[in-house]
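Look for chain A in each of the two complexes below; its partner is chain B in the first and chain C in the second.
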Partner chain A sequence: MVNKSIELDRIPETPLKDQLMRESAWKANLDDCMVCGKCLSVCPLAGYEGFDPRQLVRLVLLGREQEVIDFDGIFQCTGCDRCTYVCPMGVKIGNLITRARGMRPNDKKPGKAQLTCELHRDKGNNMQIVTEEWLETLDWMREELEDDVPGVTVPIDKQGAEFFATINSKLPQYHPDELQDIFKVFHAAKADWTMPSIWWEGTNYCMFSGDLETWERTLRMQVARVEELGCKVMAYTECGHGYYATVAGYEKFNIRPKFEVTHVVSLYARWIREGRFKLDPSRNPDLCTLHDPCNAARKAKMNGYPDIIDDARYVMDAVCSQWVESWPNRENNICCSGGGGALISGFKNARMEYGKTKVEQLDRTGAKLVCTPCVNCYDGIGDLAQHYKRPWKPIHLWRLLARAIVI
Partner chain B sequence: MANVQNKKIVVFIAHNQAMEESLSANALAKEVADRGWTVSVAAADPEQDALEMLLEICRKQPPDGVVAAGPRSFLDRVPPVIEIEGYGGLRPVPVNLVERCAFLRRAKDDALSSAVRQIEVAAARCVARQPIEMVERSIQRVALVVGTGNSGALVATHLLTAGLKVIALAYGEQPRTPMPEGAEVIATARLHALSGFPGDFQAFITRPDGTLVKRVGAVVIAQEAQRGRPSLSDAVLADKRVIRLNDLSTSTGNQGVRSLGILLDLGGPESRAVSTLVQQAALEAAADGATVTVFYRHMAVHGRAGQFEYDKLRESGVHMIRYDRAPVVEPQDNGVRVSAHDMILGEAEINTTVERLIVTDPVLPSPISSELARLLNQPVDREGFLQPANVRHLPVGSPRKGVYFAGSGHRNLSENEAWREAVAVAGQVTALLSASSMLAPKALVQHNREVCAMCLTCLRSCYHGAISLAEDGSTIHFEPGACWECGLCASVCPQRAITRLFSPEAELRAAVRAAGKPMNGEAPVVAFLCQNSPVLALERAGRLGLQLSPRVVVVEVPCAGYISQTEVLAALNAGAGRVVVAACHEDNCRSLQGSTSARDRSGQVRSDLKALGLSPGRVEFEGLAANEPYRLIEILSGAAAATRTEQEVAHG
Partner chain C sequence: MAAEIELPGLTEEVCMNGDGDILVVGGGVAGLTAAETLADFGWRVLLLEKQGHLGGHSHHWACMATEACNRCSACAVCDRLRRVTSDARIRIRTQARLVTLEGSDGAFIAGIEPAGNSDSVCRSHPNFVLTAAESVPVAKVVLATGFTPFDPSELPLLNYERFGAVMSTVDVDDLILQNRLTEFITQQENRVAFIQCVGSRDRERGRDYCSQFCCKTSIRLARKLLFERPDLQITIYYIDLQVNRKEFRTFFSEMQGKIRFVQGTPAEILPAEQGPGLRVKVFNPETNQIGYETHDRVVLAVGQTPNAGTRRLAERLNLAVGPDGFLALAEPGRGARSSRPGVYLAGACARPSDMADSCLQAMAVAAEIGAPVNVTATVRPLLAIGSY
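== the complex of A and B ==
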C-alpha cells in the first residue's frame, strides 16, 4: 500500500490528523500507538488484502492521510471497534475510520451508505416510505395479528405516551411480519407506547458514512418529534448501530434531549422482572445461541452507555428452553461481518471472506438459531448462513420473546 | 498386604465438614482397612488436634512410613519430615517417609474410589522408600566474591558487616573499585575451578606464581557490564554533531538545538541507565522547542517511572519511529541525515535531517562472562549474559546452589536494580552461612562402578555442579550437598548405573503399578506431574474447585527429567490407558534439561508404539506453568475422555 519516502522535517499539517488530535469528541490518541499489533490480532479484516490498522495510524501520523482516505479498506471495516477495545494505549482506531470516511467526497464513497443517509435526512427514513404507506403497513400488520392477539392496538402519535418506539426501516420494507412481534410485546407488557407517523427511523447510517452534518441533523429532527409528542422514553428497538449512533451522537453533538433513550432489550428484561408476561419457553425448543451486537454490547459498554449484555442473557434464560453461549462472547464477541456499513458498501466477497471466523464460531456452538438483537447482524449472519450453507439461521430476540408470550 | 517387606505403614485420614460433603471418611477408612492397611481417622476441625494425634501415633510406635491424607488446610501443617526422639539412635532422626495425599476434587459418585486409589499409590511409595542417612558437615563462613566493581564492593561490605570473611578476586592488577577494609583481595587472579558443595566449596584460583586453593562457603559472581560501540562507521562517530551516550554521561547539553535525533539499539540494547538519560534529553530538547525524533527497535521502558517518561515524550510531540533494519546515517553540510524503514509501513523510507544526533553505546556482558559460564557449567542468554530468564533462578540465584550473581554484568540492570540485587545476594549468602555446621544427606544416589562405562553422560547432564570426575579420573563423584534431586543423571545413564536414593525407582514403580491398575474394569490415565509447576497447577485447580475425572491417577515426580521410557512403559504395562507427562515450560526447567529430556523420551515411546502398530496417542507430553490450572485439567480430562472412547470401541 505504501512505498513512497516520507520526509520527517516536512510533514504537512493535514485536516484528518488535526481533527483526531484536537477535537475532544474525536480524540484518537494516535501518537500513543506503540505498534504492538493487538488491534491486528482481533481485527476481522486482518490480513485481508494486507489490511493492518496500524498502517492507517502510522500514515495519518506521518502526514500521508490521503492514502488512508482513498483506501477502500476503510469502508470494508465493520466498525466493530474490537481494535479500540483491546488497545493497551487507548488508541481509538474507530474514530480514525469514521472521520476518514467523512473526508472521502460523497460521490466517491462506495455502495449506498451515503445515499441512505441522505434519504434519511430528506424523507425521514432510509427506504423512502411515505407516511400513508407506513400507516397502512402498520394497520395491515395489526389486523393480521388480531387473530392471535385480540384487541391489540398500535397507538399512532399518541400525545404524552411513555414510550416512543423507533423501527428499522428494513422491517416495513422487507420483513413486515416482524412488526407483529413488536406489537405483541408492547401490547402484552401493557406499555403506554406510541408509534410515530414520521421520524420513526431506528437506524442511522450517517455514522457509517462519516457524514457528521447529516448525522447531527437527523438526530435533532427525531429529538424534536419525540419532544413534540412529550414522550418520556425513546424505546430503541433492536438495531445496534442505530442505538449507538443515537446515544453517542447526543454526546458528540452536545444534544440534550428531555427524554431518555433505552434499548428495547433492557425493557424486555425489566418487564420480565416485573412479571408482566406469562412466558412459555417450550415454544422455543430449538438450541439457540446469542450474538452480542458490537454496537449495543462492546461499543456501548466501553464508551459508558447502557449496554444490553446482561439483559439479553436474562431474557434468553426466560424465553428459550435451551441456549448456549458462543465463544468469544459478550464485549469480546466477533462481528457478524456486516457491521459498520459493510452490509451496504458493496464488498460482499470481502465480507464473506472475513466472515469465516464468525462461521467457525457459530458452528462450534451446535445451535440451530442465532439470536441477533440487531437488524444489521440479522442480515449479516443470514448472508453468511446462505453463502456457506450453514444449518443455523438468525432470529430476532423479539420473535423469541413474542413466541414465548402466552396471551 | 499391610506389612509388605515387613514395613509398617500408617494411613492417617483427617477429615472436615467440607470433605464429608463428597467423601465419607469412615467409608474411606473401611475401604482402606479392607485392603490391609493400618488406618486412623481424626476430625480435622480444628486441624491442630488432628496433627497432634498424628504425631502421637508416630511417637508411640514409630512407623516406617506415613500417608497423611485429608483436606489441604490440614496437609499444609503436616511437616515434610516428622522427627521422633530416640528413634534409630541417640539423636533425633527424621522419619522422612511422610507422603501427603490431598484428595482432588471429583464428582461425588467417584470420590470414594478415587480416594482409595490415591491412598494406594501413596502407600506403595512409602513401602518402597528408604530412609536417607544424614551426616553433619562443616560450613566455611567465608564468601568468595569474583569481581571488584561497584557491586562486588557492595556485596563485600554487607558480608563483612554480617560477620563473614570475604575473599575478593580481582582479575586485573588492582581492584576496579576500592574493596572494604577487612576483605582479602587477591589480585591478578582467575577462578579456575570450583568443586564441593554450598557451605564448603574448594575454589581453585590461578595466579602468575601458581595455583591457590581456598575453602569458601559461597561464591558471588559480581561482574559489571561493559560498554560497546554503536554499529556506525568511524567517520560518522567522529562527526562532532554525533554524540555518544553511555552510563558515564551526565548531561547531554542540547540547549539551543533546533532538531534532535536519537538513534537507539545500534549493535545491542542500551543500558537501562542510558535509556532513562535519553528520555530526559528528548524531553528537555522538546521543551526547549526542538523537533525531536526517536528511532528505536525495541521498546526500552523500565518500570512505572519509565512508562511515565515515555508517555511524556509522546505528549510533547516527539516522533517515535520503530525501525526494522539498521538506519543509514550520513553527515551532510546542513545536518546529519537519518534514513530508516518504519516497521509497519515496510518499504516506505523515512528521512530526517537533524542538527544533532544522539547514539547510545550498547551494553555488553562482562568480558569474562563466557569464561565463567564454561567453568561453572552455566548457560548464558542470547546476548551472552550469565543469567537467562529462568524463573527458578531469577533474580540472583543460579542452577548451582551456593553460587549467586550480582552486578550489571549478569543481566541488563539499571543502577538501582544492581544495587538492590547486591543487597539481596548478601542476604542470601549470610543466611546460607549463618551456622558453623549442618545436617546433610550422606548420599542421594548410589553409583554402581561395576557397570559404569565412564561415558560421563551424567556429568554433562548436571547443571547443578553435583557431579564431578574424581581427582585421579578413575570414577565419578556425586556430591549430595549440591544435588537438587532432579534425577536426570539416573534417567539419562545408558548403563543404568545410578540409583536414586531420594526417590528410588522401586518406589516409582510401585506407585506406577498401583496407579496403572484398572479399576472396575476401567483403564486409568497415569499422569506424571513435575513438582515444580504442574503439581502446583493441580493444587490451584483444587482451590478453584475444578473437577478431575476419576480415571486420572497422579504420580508426582521431583522433575520431569526423572521420567524415562522405562517409567512410561511401566505405566502402560500396569494397565494404564494413557500416560500424560507434564513438565515445566522448557525455559523454566530448574534443572535446565529436565523438561526437554522428558519431551524427547516420551516422543521416543510414541514412535516405538507406532512402530509396533499401537496408537502413539497413548503417550502425551505437555509443557505447563503453575498458573495454568485450567489447561492442566483440560489436558487430563481430554486424555480420560479419549481413554473411555478407546475402551468402548475395543469392547464393541
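== the complex of A and C ==
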C-alpha cells in the first residue's frame, strides 16, 4: 500500500479529500496532523493486515485517496473513534473512514454493509420483518410475560404517548425474549409509552456503510412517524450506534424534530431516582462489569451529545449486588470488536484478532457477566467469549434491571 | 546604553522612596536573575517567594553530570542564590505573596501578605520569612511566578497512577537528587522507554505549545541512566525532536548511537500480556510494521503548564491571560511587558522556558526597565548561565 510513488505531473482528482476539507459537517482537519502516532497506538485494528490510521490520513492528504477507498481495512475498522478521541490536533479519522466507505461503489462494499441499509430504507427495518409478524411477536412476548407481570400492556401506535420506543431489529429476529425485559421496565415505570407498528428500527447501519443519502432518508421517515403519533420523546433503547447515528445524523442533515431523543439508560436512571421501581439487587448476585459502548459513551461525549457514562453506573449500583469497573473505562473504553458495521461486513478473523485487548481487559476484572447496554456490543462480546472460550458472557442492562424489579 | 532606554513615568521621588524600588515576584531562576540584574543596575529590589525556599524548580533539579558536566544548568541557580542572598540592595521575603497592586506605572502600592503554607523554611535564612502583611510602594513589578509540571494523571490511558513502572521525568529526577537512582530499575530489568510531549502539543486540551525543554531533559536523563547502567536499552518515542541549539546537537549526535529514537508517541500504556512489564503499540521503523513493544519502565516527559493560581493572580492584578493559560505579553516577541504598564513578565509564567531561556528573559526585562534615574549603577557584565 505504501510503495508506489506519486506522479507529480498528474494532479489527481480528490473528491474524498475535498469533502473532508470543505463540508463543515464532515471537516476532518487532516492538514493539522503532526504525525504523532497517538491514533495508531490506541487503535485495536492498527497493525492487522497493514491497517494504520495515521497512514490513511497521509494517503488522503497526498492525493492517494483511491488506495484508501479500495482498502478493505476501512470496513474492518470498528468505528470506535479512539483515534479521534486521543488526537491532540482534532483530526477526525472517524469522518475520513465514514466518507471513504461512502466512496466505495455499493456493489463493492463487503458483506452486508450496504444491503442492510437498503432493507432498512425499503422495509422500515433491516431484518425485513413485516408489520403483521412484528405485532405477532410483540403480542406473543407480552402474553408470556403476563404470568410474571400481570396486566402488562404493550400500547401499539398510541397517539400522543410520551415515549416512542425504538427496537434493534436483532431482538425480534434472534432474541425476542429480551423484548419482555423492555416491556417490564416500561410497565413498572408506569411510563406513557408506545411501540410503533412501523419505523421502530433502532439501528442505522447507513452511518457505517457511508451511505449518507439512505441515512438521511431513513432518519426522516422515522421522524415523520414519531411526529405523526405526537410523541414527546424518542426513547432509544440499548443500541449505541443507532442512538449516535440518530442524534449526530439530525445535526449533520439539519433535521429539527419536534421531539427529544433520549437514550433509554438515562430514562432508567431518571426513573430509579424518582423511586418508580422497587428494586432487589440480590436478584443479580453474579459479579458483573460494565462495558461502555463507544457510540453512546465516547463518541456521544466528545461530539457534545448526551452520553450514558454516569447514568449507566448509577443504574448498575442500583440493580447489581456487586459489580466492578473494567479498565480503561468510560470514554477511554476499548471497543467490543463488533462495532462500526464490522459485525455485518464479514471480517470475523479480523474482529477476533483485534478483540484480544478487549479479552485481556475483561479477564482482568474477574467478572462473570459483562453488562453491555448495546445490542452490537452484546454480540461482539458474545463472539469473543465463544471464540476465546472465556468464562464471562454479555448481558443487557435492561435484563439486569428487569430482573431486579419487584412487581 | 542606559541613557537610551525610555523610562516612562519614572520620577526621582519614586526611585528614592519606599523600602524596595522594584518588586520581583517569584524566587526561581528567572526571579533571582531579574533581582540580581536590576540590583546591579542600581535599583533596590524586593524579592517575594511563596515557598520557604528560594530557587524554585531549578533548586530541585538534579545535576545531570556523568563522567563530565552535561551542561544542564542545575548548578547555576546556586551561584545566583549566593549572590542574591548576600546583596544588600535586595530585600528577600519568603512565604510571601502579592495580593493587590494599586496605582500605576512608576507609583504602585503593592499589598503583600504571608502565603500561609506549611512549606519548610530555609535554615540558613529563617529571617527572610514574611510575618505580617505590608503595603509597599514600588516603581515597577516583575512577575516570575514560574510553571507547574504537567500532571500525567490527566491522561488516564497512560496509567501513571495505576502502574508504579510508569514515571514522569520529574520522578526520575527526584530519584537522582536523592541519590536513589539504583531504585529506578532492578538489575533483572533493562528496557526503558521515554515518551515525549506528555501534556505538550495538545491543542484539543488547550496546550498547543512545545514545552521547549523536555527533549533535552529526556536525552540527558537517558545518558545519566546509561552511565549508571550501561546495559540499559533505552528507546525515546518522539514526535519531532526539539534539539535546537548547536551545542546540544553535538551531544545529541553522540547519543544517537546509544539510544534508540523512534518517531511516534504512544497514547496508551498497557500491561504486558504475561508477567511484568508494560506494552505500547507503535510503528516499528526497523520492521516497518505496527506492533507492541515491551518495556520495564516508561518515563513520561512532562511539559510545563501554567500554575493553577495564574488566573486568580491575573484577576487580582488586572492582567491578561493568553488562550494557553500563561500570562499574556503585551507584544509577544517585542519586549517583556504584560498587558498592564509597569508590570513585566520573566520566565515560564509567560511561556514554557528552560533554565537558560528563563535567565535570558529575566535579563531582557532588566534591560527594558533600565537603570534608575540619578543612581550610579555598578553594572556587572550580563552573563547567561549555561550555554544550552
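To be clear about the criterion, the second predicted complex is superposed on the first by the 401 of 407 C-alpha atoms of A that agree within 3 Å, B and C clash if a C-alpha of one lies under 4 Å from a C-alpha of the other, contacts with A are read in each partner's own complex, and residues count from 1 in each chain.
Here is the rule we use: contacts are C-beta pairs under 8 Å (C-beta built on N, C-alpha and C of every residue); 3 or more make two chains touch, one makes a residue touch a chain.
Everything numeric here is computed off the predicted structure, so don't read it as measured data.
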Overlay on chain A: chain C relative to chain B, clash or fit: clash
First, second, both or neither for A:Pro88, with chain B first and chain C second: second
Partner chain(s) touched by A:Leu59 [first = chain B, second = chain C, both, neither]: first
Touched partner set for A:Ser41, first chain B, second chain C, both or neither: second
Which superposed partner A:Asp9 touches (first chain B, second chain C, both, neither): first
First (chain B), second (chain C), both or neither touched by A:Asp31: first
Of chain B and chain C, the chain that contacts the larger number of chain A residues: C
Touched partner set for A:Glu360, first chain B, second chain C, both or neither: second
Chain C-contacting residues of chain A that also contact chain B: 32, 34-35, 52, 54
Chain A - residues contacting chain C, complex: 32, 34-38, 40-43, 46-47, 51-52, 54, 86-90, 327-328, 332, 357, 360
Chain B - residues contacting chain A, complex: 259, 291, 293, 299, 311, 314, 317, 319-322, 339, 342-353
Chain B partner contacts - residues on chain A that touch it in the complex: 2-9, 31-32, 34-35, 52, 54-55, 58-59, 62
Contacting residues of chain C [partner chain A, same complex]: 156-157, 162, 197, 201-205, 237, 239-240, 263-268, 270, 273, 280-283, 289-291
